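In what comes next, chain A is part of two complexes: it sits with chain B in the first one and with chain C in the second one.
Coming up: the complex of A and B.
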C-alpha cells in the first residue's frame, strides 16, 4: 500500500531525527501516534530497532502513558468528561450507559471500528455538565437515556 | 590519591572514597541498612524506599543512591525510619500472595527476611484489592509468577543491562504495573536466552526454574531404564551453599556420594565431557588456522550465549565452534560408546544432567542434539533442584563421605574442572593447543592472563611461532561489546571464549541464590571460581589430552579428534533466530 509506505517513511524520518537523544522513545511514539493514529507492534519494533533500544522499553512507555493507543481509533472518538463538575452531575452513569450500548470497555474500540470510548479529564464546559464530546461535537446536560438517540446519529 | 570523605553514621565515624553511597559506607561502619530493590552493580535505582535514612534533610533519602558528603550526619535507625520501612513493607505485602510455605524461596527470600528483621507483625495490615496473575510456565527454562513480584526491577536490570537481552520490563502503570514481556507474550515466545540471570536477581519467588525434578524422580523409580547422571563442573563449587556450607567450599566427593544415594545407576562427571570438548575444539581451532577457516573461532559451551548469538548476532554463527557443549557430548557418548561397551540398549538409557544453568534445559530439547531418535540428554536439573532432591530424599549431605565418580566417564583433568569459571575453557584449550602445536611440555601450566572477572579479557599467547590473540567475555552484554568491536574492525582475535552468565557457570542462572546483602560482602564469581581453580591445582592430571579415559575413547571408538564419527556424535549446527515473533 503506497499510503502505508509513506507512513513508515515518515516514521523512519522521525526516528532518524531523534536517534541518540536521551528519552527519544517519547517523542517518536508521539509522532507515531500522529502518523498512524495508534502504535501497533510492528511500529514499536521499528522504533526499538531504530533507536537502538528494546521493544520492552518502547512497550513499557506506550502502556504507561494513556495518550498512546495500542489499537486503532474508531471513526468517532467519544470522550466522556469525568472532571469534578461532570462527575458530580452523574457523568459516570452516562459513561456506563455508552459502554453498555456499544458493548466495549472504556479505552476500547467497537468491533466495527466505528466508535472509541474514552473517559476524559475536564473538558472546560462545566456549565453544561455532564458533558461529552463525539469528535468535535459537544453534548451537554446529558442523561443516560439520551445516549442511544445520540449514538444513532452516527 | 583517592579523594576521601569523612562522615558520621549512627554516631560511628567513617571515611570512604568520594562517590561511595551511604549504603556502602554504612556497611563499612558495621550497619546493614535494609534493601530490596538494590542489587550491587546491577540495580541501584532507589525505588523500593526500604533503605531510607535521615540526613537532616527535609525528606528521607534512599541510601542506595545517596552519595556521601563531607560532614554528613546520617541516622539509619530512628522510630520514624523504622516506621517508614515497615509501612513500605506492609504495602508491598498488600499485593503479594504470601504463600510462603509452598514457595521455592521459602527461607531464602529477601522479602520474608525483611519482614522478620523489621518486625512486621501483621501481613494483612493493608488487606484490600489484590492483582491476580496467570503464571507463565511455557518457557522450558524459566517460570514467572507475578503474584509474588514486588516490582523491584532487579530482573529487568539483569536482563537489560547485564545481558543486553531486555525482553522484560514494566508494563502499564500504578496498581496495574506488571513486569513482563511486550504485548503480553510468554517468555517462550520472546527472544529470551534462558540464562536465568533474572532468577538469580529476584529477591522473592516470582522467578524460578522450570521444575525438572519430577521427571527425574520418575526415571529413578522406573526399573526398565538405566539412569546415568552427570554434574557440570560448577555444581561442585556451589552445591554446599544450599546445605549451609560456606561459599567456595568444593563438594566434589559429597556430590558423587549424594548422586549415588539418590539411586542413579551410573554417576559420571561432565568434566569428562569437558576434556572431550577440548580435544574436539582445540583440533577444530588448529584446523581453522591451517585451512583458512572462519576466525575468530568462538566457544560454544554456553547455551545462553549460543541463543544470544543466534538471535542478536547471527552474522557470527560461522564463527561458533561446531562442538556440542560438554554435557551434550557426554550424553551422546553415553548412548553410543558406553552403551556399546556395556552391551546396553541405548534406548533404555536416561541421561540426566545436573547443571548450574537454566538454559541447558532449553538446549537439551534442541532437536539437532541427538541421534537415532534419541536426545543426547533426557533431563536437566539445576544445582538448586538437585539440592531440593537431596533434601527430599533425607540425605545428610554435609556429613556424607567423599566418593569418586564412576569410571569411565567420571575421570577428568584439572582442565575440565575449570570449565565452570570465566576464562576456564580458554585456559583448558590453550593448555592442550600449546602442547599439541609445540610438542613441548607446558610449564607452568596456568594461563593467569585469562583468569579473573573483568568483563572482557584480552591476551596474546605465544604458541611456538604463533601469536594467538584471544579474548574472553562473560555476560552477554560484555559479549555484545566484544562482537561490536570486532564488527567495527577495531579488534581482531583468533580465539574467543564467551560464557553467557557474568562470572561463567559458577554464577549461572541455576546456581544457589545469593542475597543482595551477601553480595555486598562477597563476590560469588570470585569465591566459587577459586574453588574450581584450587581443585584444578590439586589434580594429578591437568590437561585434557592427558585424560587417559578420553584418550581411550578415541583409540577404541572415535578414532581421531574431528573424525567422521566424532563429527556425527559431538558436533552440531546453529540456526539464525528472529528477534520478534508475531
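Coming up: the complex of A and C.
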C-alpha cells in the first residue's frame, strides 16, 4: 500500500534523526507510535537495525512502558481515569458502564474497530473528577447515566 | 511595551483547558476586537489559578474580579458589561461554598480559598503568561541566576540552599543542599543536573501545574543548580501524559536560549549549560531516580541498588543530581531573598511552604500552597471548604500509593515531614484525597495495592510477588471471603516487603494497608468476622432492605432481574437475600426512597 510506504519512510526519517544519540530507543518508539498507532514486530526490527541495537532490547523497552502498544488500537481510544480522586468519586462505575455498553472488557477493542477501552492513570484533572478522555476530548464530572449519550456522539 | 487598562486572565491549566478555556480565550479576543477594545484590554492565557473546582476561571484586573465556571455564552456579557461599561456581572462572580458569600466586593486574596495560602513555588502561576519570557523577567525572573553567576561562588550557592533548610518536595524530604554538596564533591569531566517531572502519584498535579504555569522558574533553578554542582548539561524527564507542560517547556527552553540564558557563557561568565527534554512512556516506577536515569538512557526503567548513589555514578555513568519540580520551584527565590527569609516560613525542620493537590470528597478541589506546619484541619475546612453534601469526614489520604490515611481524630496535627511520617502517612508529593463516610477503607487499601501490583517493575521478588499476595488477601476480604488471621498475615507480609524491597516503590507499597489497619482495624474486622462493610461500599457485602416507606407499587419487583422481590400490590415488598445479586436496580428505581443498603 502506498500509504504504508509513506509511514515506513517517515519511520526511517525518525531513525536517521536520532541515530547516534544516547538513549534514542524511546524517542524513536514514541515517534513510531505516532506514525503507526502501534509498534508491530517489523517496526521494532527496523528500529533495532537502524539504531544498531538488538530486537530484544527494543522489544524489552516496548513491553515495559504502558504507552507502547503491540496491537493496533481502535479509532477512538477511551481512557477512564482511575486515579485516586476519580476513584473515590465513582469512576469505576463509569468504567463498568462503558464496558457494558460497548460489550468489551477493559484493554480491548470493539469488533468494528471503533473504540478501545482503557483504564488510565491519573490524568491530573482531579478538579473535574470523575473524568474520562475520548481521543483528546475530556469529559468531566461524569455519571454512569451520561455514558450512552456521550458514546452516541462517535 | 504596550500598556493596557485591563487584563483578562484566563486559566490555561489542564483542568480549565479540559472544561473549555481555550474556546473562552478565542471568544474573548473576538468580542474585545469587535467592541474596539483591543488596544485597551489584553487577554492572557495563564497557568493554573488553583481553584480547579470553579473552572474554567477568568480573572479581570485591575479589580481582581473572580469569575467562575464561565461558559462561552457568558463571554459577550462580560465584555459588554464589565469591560465596556465597568459593571461586574454579578451572577457569574465566584460564590464561596462555605460562607455562601459572593466575591463581588472582594479581591482574590480575600477569598477563603486563597486567604490562608502563601505562594512561593506557585507565585507566578495564574499571574503571568507562561509562554512569554518577558513576563517572567518582569517578575524578577532570571535575576537569581544572574546573582549566583556573577556574585556568588558555587560553594556559596550550595551553602545558601543548605542554610534555607529546603527539603525534597518529591516525597522523601532529603535536604536539597546536601544532595548538591555530594554532587559537587564528585570529580568528573561531565556532570548532569536532572529535573524529575515524572509526577506519577494519582491525585497529585502540582508539578504539572508548575511546569504549565511557570516553566522558566524551573529552567532558572536548573541552571543555578548546574552552576552549583559543576554540571554542563540538564535533562528534564517529564510524563508524556502532560502535553501542555511539554509544549511550554520546549517553548521556554527555546526562548531562554535566544536570550542567552541557556547555552554558552551565560551572563558573560565561563558557565555554559543547556537543557534537554525526555518524555516518559507511562511507567510509575520511573519516578524513582535510578529507574528514571535508566529510562533517559533509553532502557527499561528498572531501578538498581544504591550505592553507588547518582551523585557518584548516575546518568550515562557520570555524577548526577536529581531534584523534583516543586523543589526547584523554590530555588530562585531562596537565592534572591536569602536563606533567612525562607527559614522564617514554616517550621524548624520543615521550612518554607508545600503545595498540595486537594481532591476527592471536598468542596474546593484544586491546588493550594501553605506554610509548612499549618494544621491539617485548616487545609480541609478553611481552604478546602469542608465536605460536600453534608457528609461526614472520615480520613484524608496523603502521599499516594506510598502514603497512608489520617483519621478525623488527628486532624489537628501540623502538616510537616516528620509529623506525617510519625502517624504512618507521609508528605509524599502532596496529593491529598479526602474520604467521607461512604468510602470503605479496606477498599481504599485494595485500590492502592492494585496500583502498585500493576506498576511494580518486577525486578525484585518482595515487590513483584509480595504485593500481589497482599492484594489477593485484600480482594478476598472485600468480597466477603476474609478469614480469621488475614489481618496478621497482611501485617507480616507488609513488614517483610518494607525491609527487603529494592527501591522506594516496594519499600513503601504496604503503607496504605498498614495505616488503614492501624486506624480502621474495626472496618477490617467487620468485613472478616461479620461479613459486613460499614461504609456500604463493598458490593458483595451489601444487603438491600425494603423499609416501611414501601407503598407496594411493584416497580422494584418488575425491575429485579432475578425475581428476588416478592409482595402484593399496595403492600410492603420483601427481598429474598439468598436470590439477590446486589445489582442495585431496585434502589435506583424506587420512587419513594424505600430501599436502603444495610
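Please note the rule applied: the second predicted complex is superposed on the first by the 144 of 154 C-alpha atoms of A that agree within 3 Å, B and C clash if a C-alpha of one lies under 4 Å from a C-alpha of the other, contacts with A are read in each partner's own complex, and residues count from 1 in each chain.
Operating definition for what follows: a contact is a pair of C-beta atoms (placed from the backbone, for glycine too) under 8 Å apart; a residue touches a chain by one contact, two chains touch by 3 or more.
It should be emphasised that the depicted structure is a prediction, and the values quoted were computed from it without experimental measurement.
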Which superposed partner A:25 touches (first chain B, second chain C, both, neither): second
Which of chain B and chain C A:55 touches, first, second, both or neither: first
Touched partner set for A:134, first chain B, second chain C, both or neither: neither
Touched partner set for A:64, first chain B, second chain C, both or neither: both
Partner with the higher number of touched chain A residues, chain C or chain B: C
Touched partner set for A:78, first chain B, second chain C, both or neither: neither
Touched partner set for A:45, first chain B, second chain C, both or neither: first
First, second, both or neither for A:87, with chain B first and chain C second: second
Residues of chain A that lie at the interface with chain B and also at the interface with chain C: 57, 60, 64-65
Residues of chain C touching chain A in the complex: 14-15, 18-19, 52-53, 55, 199-205, 208, 240-242, 278-284, 295-302, 316, 357, 359-361, 365-366, 397, 400, 431, 433, 435, 439, 444, 447-448, 457
Chain A residues within the chain C interface of the complex: 22-27, 29-30, 57, 60-61, 64-68, 82-85, 87-89, 121-129, 131, 138, 140
Chain B contact footprint on chain A (complex, rising order): 41, 44-45, 53-60, 63-65
Complex contacts: residues of chain B adjacent to chain A: 156, 160, 166-173, 181-183, 580, 582
